[in-house]
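Chain nomenclature is as follows: A, B and C, assigned in order of appearance, with residue numbering initiated at 1 for each chain independently.
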Amino acid sequence: MPDTIPDRSVLLDHVTIRFGTYTAVDNANLKINSGEFFSFLGPSGCGKTTMLRCISGFSEPTEGRVLIGGKDMAGVGPNKRPTALIFQHLALFPLMTVAENIAFPLEVRGVSKKERRKKADELLEMIALPGIGDKKPGELSGGQKQRVAIARALAVEPDILLLDEPLSALDLKLRQHMRTELRAIQKQVGVTFIYITHDQGEALTMSDRVAVMSRGVIEQVGEPDRIYNRPRSAFVASFVGENNALQGVIKGQSGETAALETPMGTFEARVGGGRKYKAGDEALLFVRPEQLIPGATENAFQATLARQEFEGATNHVFAKAGENELRISMVNAGLAGSLPGQGESLSLGFAPMNGTILPVGHMASET
Amino acid sequence: MKQLKLAYDALLAKHGMGAALFVAISVTLWVVVFITLPQLSMLDYSFRFNLPVDQLGTDADHYTLEQYRSFFFNNDGSVNRLDILILVRTLIAALIVTGIDVIICYPIAYILAHGAKGVAARLMVIGLIIPYWINEILRAFAFRVLFGSTGVVNTWGMQLGLWDAPVDFIRADVALYCGLAYAYILLMIFPIYNAVEALDHTQVEAARDMGAPLWRVHWRVVLPMAKPGIASGATMVFMLTAGALAAPQILGGPSSLWFTQVIYQWFNESSNWPRGSAYAVVLLVTCISFVLLMMRVFKVSVGEIGK
Amino acid sequence: MNRNTIFGGAYALAFFSFLFGPLIIMALTAFNSSRFPRVAPWECFTTNWFGELFGNARLMEGLMNSVIIGLGVVALAVPIGLAGALALSELPSKLRSTLYTVLILPILIPGVVLGISTIVLWGQISRGIGAGFLYNGYFLTIVGQITFVSAYAMLVFIARLQRFDATQTEAALDLGATPGQAFRKILLPFMAPAIGSAAFITLLASFENYNTTVFTVLSESTFTTALASKVRHGTDPSLSALAVIIITLTLIGALTNEAFQRRKEAEAGGRASRSPLYANPITRALTHPGVVFAILVAVIGGITYAGSQYDSSQCEAAILQEKLDRQEALRAEQRARIEAQEAEQGVTVPKPDSAFGGAFGGVGTSAPAAPAPKVENNSAFGGAFGGIAPPQTEE
């Protein structure tokens, strides 16, 4: 190991990517730190794959710069960048054996056959699949292929590993297992991971930080819990996790909280993103289903229970209040607990810190 | 031009300098030297006189319509019925052969796509291909053996008492039509098969279930689907039949020439290359315009049946 | 088994009879000693036509020329076809369909037109720059044929290229390969099977071609043009013998290929371990494509050897004697008739001095005028009798 830890950061300096008149990425500006597990999260078509291809060198930004390890990557081809990409469908070479696949980056660099084999065996050891070097990729299971693809990408000893939804082809159980494994491998090798996904579960569980993208714009960057608890835009609030949205008009703001007047009453809630509002501004109030408390009297409203969906540990209850249908998650208290019956009226409330007031903007379902 | 440059750049980025140059040079060579220049050269030749070598490039060597005139008119100014009739007869015969192929190939293509399963389907495909590995001259020869005055057809026909004296199938062009229809069966079956295979078989079953008789199912459900396949198969069969040379030479009766044989004679027997070139241009232009015309007619009818 | 299935089966049977009937009958004529290729009347079983085939110098010379030209065509048409397919894969859709039409056109243009245009162009070029060496049958035929044979190769490559996963190339680039390395190590190996089949198809197309070659080959001849001129100027069963050889080779190829495909499928589908055919080591070995091929070759070799040892001369002599007898009877009949006429008219009519020319020579419709030298033929008259038409001999 070298004494100084190499700079494995990525800086996106006002990057814009256009295809003709279509803007795929709009003014992305952020720094991914050395050794970080960083995710781009967004629905399909939000520009995250374009961003990834731009970092790996398959396309150049229309405006702005990409810096890797502090060096400008303009004009540097994908084969010259210190990045390795794991493709959505892995792109293992079907005609080569597993060992030849893993050693391919060394082969094109002119490393001798013996050394290539040694390195391939080391990497197979690392991904806990020793002895499969002479098999063809077609003979492996989905999870094994996954790990071989990672080993092949790591064989170039990249500074940055880019992963393009690599788990999407796996079944649920294996996907959850691979999350843990990916995180473990990342900790072990210390390489910066940039992970692309539309699955918020993957992004939130694995990442150090997440960037949420929509329509080519980075809506918010932050740690997973901040993304969930402190969304900064209507899109993030509605895309990450479940949320109830109520539209209303600002009555007044005092510091971190404001009062919003809605058809169901006036509520106190935290102002998202530290914004300032004037009285009369249109705004949205977001309250998470698990933070709506039945029987609360402060910051509360009356609703009628419309229907329920039972899902084991959690009960999803849908209540009607005026025009709105609100979603409430209740922990299953078992036989000791009791649930209101259908058509019953109940009072629902939330703590002001658990409500978020955000400016009106497009929501996840509208993308 | 700009798009060609872009495509070249994409090749360069993807496959490297060597591959990009290889593709650019090979395709240019193919399109320009092998496809375009020969045709232009032949066109140029067809507007010249048939001169001995020592007069080439002299004053006598200038452009003329003489070769085309001689296709349409005889020297005495009367219409050249002979050659025009041969061309028309060639086209009509090619049309008949194409029609025969459509009729005999459509059921097989349908059976192959939706009837036959497993081993039977495999055997059918092999059975279709094997005859086409055998030289086309030999295939024509087989029909000569079959239809000759002492051939199997005549022998059996007479033994069964169908006719008394040997029938001259060669002179009647029966052997030629059979041989040509046989020669291009494969080119008709596979396009139709490809088109029909895309049809979801449950559609046929649904139509049958609703009480449609088999012929109506084909007319309303299968045939519209097969139309593009039939069009492309018919185009190929028609062009190749009209341009056939070996089969007419081997199976053609002494009195009925194919237009390609006339061209052949101008070249190899009369050594009149400009005349031969002009006749070749006439054949090419006629065939292509005929196909284009038929395609247009066909498209219209496709639209009508599609409703 | 409903009515439609029966109808379909019957139609398929009729169709394949049409496809194979002529070939089978032609193949049978190769073993009949009759001078004209036919199955009825059956004279003697013979294998002499095979010997005659190999003794045909023009055909054998044409075979050599075809091999030379075929190799030249494969060497050029396969790379050109690959280049065409690669070019099409990168072009935007509108330009793509234009180029596709241009490249596919040579398949549709009548072969004679391609042949003529090729000799006209290269004739002008060689006159224009004084490069007479360009104007020879080999070069012109190769150039003329690749115009359309390349399109066949291209169709094979397009089909294969459609199944190529372009991210493979991207992955190779990303892993540090240069574009050239990615092309050589990823794309070309993927295309390898298609290169093989394209080479096979182009070789076959070059070998088979007549319409273009008959013009471009000038004074030389290829196998196919030699064959065609032989067929046009009178036929004999040695051509049927050739057909037998080609059909046999085709069947060996098809069966071996089928065994190969079956095995590959069984292995890929995981059936290999379950199928009883593959579980038993003996049957497993027997269904190996190499073994299938070897067995077929051995069987055919054995038959060929047995056939070459077979001597049909006795039977042929008997048939000849029979014919001579019948001829003698006819001659006697004729003589009697003439004598009767003489007696009636009292005029001397010259006797026909040749029974062959007078009584039978004109009867045959398409027999060769002069008998070709025949290997191991013990009768000098064999050729002349070939012209006898069945109605006479069946009396």
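Things worth noting here:
Throughout what follows, a contact is a pair of C-beta atoms (placed from the backbone, for glycine too) under 8 Å apart; a residue touches a chain by one contact, two chains touch by 3 or more.
No experiment lies behind these values; they were computed from the predicted model shown.
Shown here, the protein chains touch in a chain-like sequence that does not close on itself.
For the criterion of most C-beta pairs in contact, the winning chain pair is B-C.
Here the spacing of subunit A and subunit C, counted between their Cα centres, is 65 Å. In this assembly, the C-alpha centroid of subunit B lies 20 Å from the C-alpha centroid of subunit C.
Chain geometry summary: the mean Cα position of subunit A and that of subunit B are 60 Å apart. For subunit C, residues touching at least two other chains, in rising order: 178-179, 181.
Annotation for subunit A: residues 77 touch two or more other chains. Within subunit B, residues 13 each touch two or more of the remaining chains. Within the complex formed with subunit A, the residues of subunit C that make contact are 165, 167-168, 170-179, 181, 185-186, 189-190.
Interface residues of subunit C facing subunit B in the complex, by the touch rule stated above, are 4-5, 8, 11-12, 15-16, 18-23, 25-26, 29, 36-40, 79-80, 82-84, 86-87, 90-92, 95, 99, 102-103, 105-114, 116-118, 120-121, 124, 127, 143, 146-147, 150, 169, 178-183, 187, 204, 207-208, 210-211, 214-215, 224, 227-228, 231-232, 235, 239-240, 242-243, 246-247, 250-251, 253-254, 258, 365-366, 389-391.
Looking at the complex, you find that subunit B touches subunit C at residues 3-4, 6-8, 10-19, 22-27, 29-31, 34-35, 37-39, 41-42, 45, 53, 56, 104, 107-108, 111, 115-116, 122, 124, 126-131, 133-146, 148-152, 155-156, 166, 182, 185, 214, 235-236, 239-240, 242-246, 249-250, 260, 263-264, 267-268, 273, 276-277, 280, 283-284, 287.
Subunit A contributes residues 56-58, 77-80, 83-85, 87-89, 91, 93, 95, 104-105, 107-109, 152-153, 155-156 to its touches with subunit C in the complex.
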